[in-house]
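Okay, got some structures for you below.
Same chain, two partners: subunit A is paired with subunit B first, then with subunit C.
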Partner chain A sequence: MKKSPSSKLRTSGPKRVNAPRNAETGARGQLSVEAQKGRFRSRIRAVMFGAFALLSGSVAAGIWGVDGKFSFWVDKVGGTETSFTIGVGPLWLGITLAFAASAVLQFVRGAAFRWRLAIGLIAPLLVFGLLARLLDGTTANLTVFLTNTLSFAIPVGIGAIAGIVAERSGFLNIAVEGKLLVGALVGSVVSSVTGIAFLGPIGGALIGALISLFLAILGIRYKVDQIIAGTVINIGAVGITSVIFQRILQPYREFNNPVNIDPISIPVLSDIPVFGPILFALSPYFYIALGLVLFFTYMIFKTRWGLRLRSSGELPSAAGTVGVDVVRLRYRAMLIAGLLAGFAGSFISLGGTGGFAPNSSAGKGFIALAAVIFGAWNPIYAFGAALTFGMASSAASLLAGLGVKFPPQILGSVPYVVTIIVVAGLIGRVRGPASAGQPYDQG
Partner chain B sequence: MRLELQKITKQFPGVLANDRISISVDRGQVLGLLGENGAGKTTLMNILSGLYRPDSGKIFIDGKERVFRDPAQAIEAGIGMVHQHFMLVPVFDVTESVVLGNEPTRGLLGSFDRATARKQVVELSERHGLQVDPDAKIESLPVGVRQRVEILKALYRKSDILVLDEPSAVLTPQETDELFEIIRGLAKRGTSIIFITHKLNEVIAVADKITVLRRGAVAGETTPKKATSAKLAEMMVGREVQLTVKRSKSKAAAPVLQVDRLRVLNDDGKLTVNNVSFDVRSGEILAVAGVQGNGQTELVEALTGLRQSDSGTIKLGGQDLTNTSPRVIASAGVAHIPEDRNRDGMVKGMTVAENYILNTYHLEPYSSKGVLNRNAIAQAAEQAVRDFDVRTPSIDTDIATLSGGNQQKVIVAREFSRNVKLVIAAQPTRGLDVGSIEYIHKRIVEQRDAGAAVLIVSTELDEVLALGDRVAVMYEGKVVGILDAKDATRERVGLLMGGIQK
Partner chain C sequence: MTLLRRIAHDLKLPLLSMLVAFIVGGVFIFLTDIEMIRGLVSNPLGAIGAGLGRVAAAYGALLRGAFGDPTTYANAFASGGDIKLWTRAVRPVVESIVASVPLIFVGLGVSVAFRTGIFNIGGAGQFAIGALGGTTAALLFGAGVTPVPIAILLIMIFGIIGGAAWAFIPGFLKARVGASEVITTIMLNSIASQLIFFIVMNSEFIQQEQRLQPVSKELSKYVDIPGILPIEALRLDIAFPIALITAAVVSWFLFRSTRGFELRTAGLNLAAAKYAGIGASSSIITAMLISGGISGLGGSLVVVGMAKQLAPGIEGSVGFTAIAIALVGRTKPSGVVATALVFGFLQQGGRLMQIETIIPIEMLLFVQALVIAFIAAPGLTMQILKNPFSGLRGRPRQAKAKVGS
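Moving on to the complex of A and B:
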């Protein structure tokens, strides 16, 4: 495969200078600086896994014999409850072993170890363990816990796809938060006025697309800095929705009385004891979100559209010079991102809360961007990150509701802390689209 | 196919970039388009590839007039561009890069048919003898191979007219020879080729026909058989040109700059200067040759204090200058003509006079007690403008409005205005017209004769051979050889530039 004309030169007598060619080995079999850094990072990861193993081990030892009480709804939401107990000690022993195994594998396998996946698998266990540890004798309803997880993960996950599509095209979509908020407001108003359930999400999606188009015109046509333009939209969204809420939605309640989109129970499957209410009696938004995740993962990585999208985000001039219309492609990507973000926003007001409340997006748009980064600009991974972040948030609110003496804000801050660690590049590098945020000049 | 451009004119604000240019190339012919930087070559090619629209003039392909509104239409008409800066996505593989824009697909969703694309790329590369690994990531490929991918891109689009813009800029002389072979092969199979360059020997080597551009207009046409380097240079510049620099033998004395086992990392933390040691003696010019991106930039940045080195020492006349500041280095007697004058050489938006005192403004007589002395500055700047023949309306003119050659003269004047022990000149004549090149070469040789040590870094082999009393070659971060001028032949230096040692 490496039979280039220059290799002919190489074999025809003259000796080639022995200098680093690839990233792994250097001149005298030494590691190149890049490989050294990679090794350094994986050592740090191994040490961190090890430290977490020790930490959770001491937790396990400290609470051996304590039980955590959990319950499920057996037949339907709010129906017959069944409760069970788990030894908190053994649970933490399991977490300890998982961390220890990761530390060992990380140390042995180095860069080849899929540490991100390992964190993704341990994180839910860890949140669960923290919950059990902090319950302090009260009973936690796991069906509620999982439902809360999803109601956090749905807007965050779909918002993350919006971020991914835009950034893969080369546009930094900082304004997901603002689109969520306006999508929530408009979704509620449209649903209230028409009285038709499915028009709410459509209304939210359309207003999201409209805002996105405005942002795209600022960033693409007028080359306004994309972060500043996005920030303006985020701040503007808070102001405008608050004013509309105070002046219109509060005095005239009929504008904020939407047809809720309730969980649908899938026949037969939802009758399965315990699992039925958890897996098969969920909001339609969840099933749509799963579909969107799979659809966009396929589109981005397996289709012509995706190839062009990615090239436009990496090196737009490469796409432009082979006849791809980069400007139009970016506008379209922004429209799709707007539809997604607005749709995700409509869940906030229609997914069971009974209408719009000021500031109800509550930073989910920003956590979506964190999920984009943690998910390495891949919809499936990003949705996984959204689910993990959702568990942390759900555990926080559950504990707050139970009156446990533990500041729930600490759990709520998990997504941000994790993102900072990932972005800082200490434990590993994520590489986003190279040209995201830079305007494209044709000709 | 036969391509003909008739009386193409393109006006930019303040510049007539193309003035009624007419060129033509026949089927299977190689047209060498020769001209200095700013002669209008790139504008003309951007018009041909559909990026710009001409103000007037027509394009004919096989006798039929064509109008290109965007690059897609030019590609459609069979015109393939190989840009000077490669248009390849680093994280894509070769197959994806080649087919981007014309991807084979299947199904409703437009799924990318990778298997078919890969087969087409393999076929194409075999048919034209352009070997590449279809599954290799672009970022892992050396530049010579990347260029092959660029050519494949054009061939994949069934281009009958291939335009190569300064294709040898990033290649070693040997890689350039390989490229010439590829070009001849393509021409033999019927592709028309336009080869754009400012290097005289290259057009003579590869072209069937030569068109010379000067200041936006056609200065003349000739063939390699009739042309000589001297004659082409004269056509290109408009007057007789001294192609070699006149200089006496060097009277090298004691070492001034001593670099010992220097290691420097680039911005990505990659070891880019690897254990480099050399001396530069007073009264000699050490020219550093090498293909762009082999550590020269980082070496110069470390020597001038713009980048911290990882280990090793830099000494100037016994004084340790390792990892000190640019100001300490400058006041120790180092003159620095930077590689990228727009970024490191001057402040656009400031006047010629202000740029002239950029690194001495804090000294007497230009300032005292922190207040600038306008009169002293004006006097010195006026003197410098006269001495260095800077063509500027006044010393209060914004330096950004001057031509590249005059900007460079201001920089050289500033750097040589101090007591200079060491001159570090990186790409001192990049992008300049021939007149300015001659002038700056002369000034550099003067500094050497006055007893300064001179370090020149250049990717132009001609410049290295013309100026160097000794020639050092860098390859992948190492100095792979230091030759005396008499041993530094084009072939030997060329092989070293490609990392091949005898």
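Moving on to the complex of A and C:
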């Protein structure tokens, strides 16, 4: 950034007219500082991909001939189990090839290479490879693995969309964690009291919106620092939910006995062998989450509302000048974010765990923030990140359940470490909405 | 006179905020009383009376837990100089001060970063890694390897290094690539707790001898941190005076030293600071190192002296509470110490409240959240005092006003 004046000088010479606009693809020696940085980062990425290729190649060579045993439930959950074996060596060879190909493509294509997508495609393979490597003769049930992955990824993924909508509008939303927790509590209570399954998620969403409104009033109207306001929500949520749990839900069980929202089988499709139970007999939350991802991707990037949302997060003064009511837009974005986060929270207590437990959000709101950043404020990528984090967490619990000696803390801290690497900017530039966190004075 | 007036002015908002927060907390206790709500139909007045009685009982227990029971004081007075009775009477007060020690350290640490304009919400992680450093030092140098004073000094140094190292990462990333310290410190808090868990599970050097549970060895077998009270049963050790000395040093540093002036300038206006020749990067990194070092120092002294064992979750909610303390104490070391003492008394009192009435100690987190909200939004507090519901009902009026178009 400091060097920008000099870069301006360089490009303002007489040659500028002939030089291509996008210096990255043409004109050697004419690279702008930003493009040079981009090239540097893409080289680092290429080297990292290469290092991973070497690493996984050595793993493949070391365990050639070992078999990993996996199994599926063919017809339904808990039904007939079929197992199959994969050679761990070939699996790792595949991983090696994938890394090597990424390294080469990254080096050749530079900044144009879609490395996020590459990582997203390799990550599942890598988790499988790790799993197969560590199974050590025991059998891993992939249906259980997938279910665990989803039950982690659903609240994280929807929470990430909440974070994206708020931050795109210019409100730094670190309170997702608190909203998840309160959404879980209220979802369980509403569902228990009314006995109607679908009212639980609605109750969770509404309380999420209410809390979000309070957060927005603090941050927008009273101009409280958005991080402090978010901290207020996060601490307050732990306090409120713990008190309500111990004073009401524990002594009076009828308030915490919700109608669980069970997986639904899509009639014809779920009868397909092997894939049916895995893809078409999932929690309705998952299908809704997919819908939300597509809907918000469309809304943010393809509609007028999305353009206004993004502009008020990038440069609110400019948005205000052309007539966008930034304050109202931010309030609405916060309401939407609250609805989403509260809805995501209701999954924690209704998605099969049988009610609310204190602190059951267990840091998922913070992992959602990690997914927001890793997904570069894009719902599709963020949901992909949530799925990847979910796979890591699911692999950890699966291995622990099988009695494999592998410290679960290592897989557990993957999302946090990855986020730090990403915000460190070494492997790629991620830049959030420029004005997220800044109060906006419209008067 | 002017000094008194200034103190009164400084205290007005914190005291009002605490008062309002406890009133709202009381309303919350009242409303979560199911028996009261059920009785509301048959016998409204009686139910409300009983509900109010419970709130009073809860806050009564809070006060007795924090300051001690008047009857035990009376007994102690009546007995004259009976050591046992006196010990019993003053124990709650001493324990309250013990509870405030980690809060003072982390509150000071967070304040130094705040003053430099950095939102270090990684106090919990830095405290935990400091505790890890202190544990390591105690195991390495305790049990007669070095004389006790040197062992304690090394424990403190290891704690400072641990906390500072953990704070260096976000400081460096902020200074060099502009990575938001909020995100990195949140992530590092989680990594720290996972790391502690991993180490007390897997390290033969640190985990307890039987290796059954994820806790460290008994540190009191290695180093005994000396107490400062003549009575053995009252466990207030040198960590408290060290905390006070740290506060004095921080105060001197921030308000009397050149570097402190530079840090505060950077915190007030980074552009102006740069113009005046103050390096932004070095200010950020220095502030984070000091901030993390202080939190880490607290962690090392607390784990060796008071907890006597490193266990996952040693940091508890200290990170959150420290933010509240820094805000209420207006990031002044004297204010931080005073606020940390108040919060320590509340925490100790909260334990008795939890035992006597079934109101969980997390209730205090709710009160703390309210205190932060009120302090950070003085307008909200004043509005609530004038008209309790306008803040919630009011629509953002200024939203209507347009830039002179």
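In the analysis below, the second predicted complex is superposed on the first by the 409 of 443 C-alpha atoms of A that agree within 3 Å, B and C clash if a C-alpha of one lies under 4 Å from a C-alpha of the other, contacts with A are read in each partner's own complex, and residues count from 1 in each chain.
Assume a residue touches a chain if its C-beta (ideal position, glycine included) is under 8 Å from a C-beta of that chain, and two chains touch if they have at least 3 such contacts.
Treat the numbers as computed from the prediction; the structure is a model and nothing was measured.
Applying the stated contact rule after C-alpha superposition, one finds that A:37 touches subunit B and leaves subunit C untouched. Once the two complexes are laid over each other on the shared chain, residue contacts for A:302 go to subunit B alone; subunit C is not touched.
With both structures placed on the common chain, the touch criterion links A:322 to subunit B but leaves subunit C unconnected.
Contacts of subunit A with subunit B, set against its contacts with subunit C after fitting on chain A, overlap at residues 320-321, 325, 442-443.
Within the complex, the subunit C residues that touch subunit A are 28-29, 32-34, 119, 121, 169, 173, 177-180, 182-184, 186-188, 190-191, 194-195, 197-198, 201-202, 317, 320, 323-324, 327, 358-360, 362-370, 372-373, 376-377, 379-380, 391-392, 394, 396, 398-399, 401-403, 405. Within the complex, the subunit A residues that touch subunit C are 172, 174, 214, 217-218, 220-225, 227-229, 231-236, 238-240, 242-244, 246-248, 251-252, 320-321, 325, 327-328, 331, 358, 363, 366, 369-370, 373, 407, 409-410, 412-413, 416-417, 419-420, 423-426, 432, 442-443.
Listing the residues of subunit B that touch subunit A in their complex gives 46, 49, 51-52, 70-72, 75-76, 81, 83, 87-92, 96-97, 100-103, 105, 109-112, 131-133, 136, 140, 142, 144-145, 148, 153, 157, 174-175, 178, 265, 268-271, 274, 475-478, 480, 495, 498-502. On the subunit A side of its complex with subunit B, the touching residues are 1-6, 9-10, 14-17, 19-22, 26-27, 32-34, 37, 298-299, 302-308, 310-311, 314-315, 317-325, 431, 434, 442-443.
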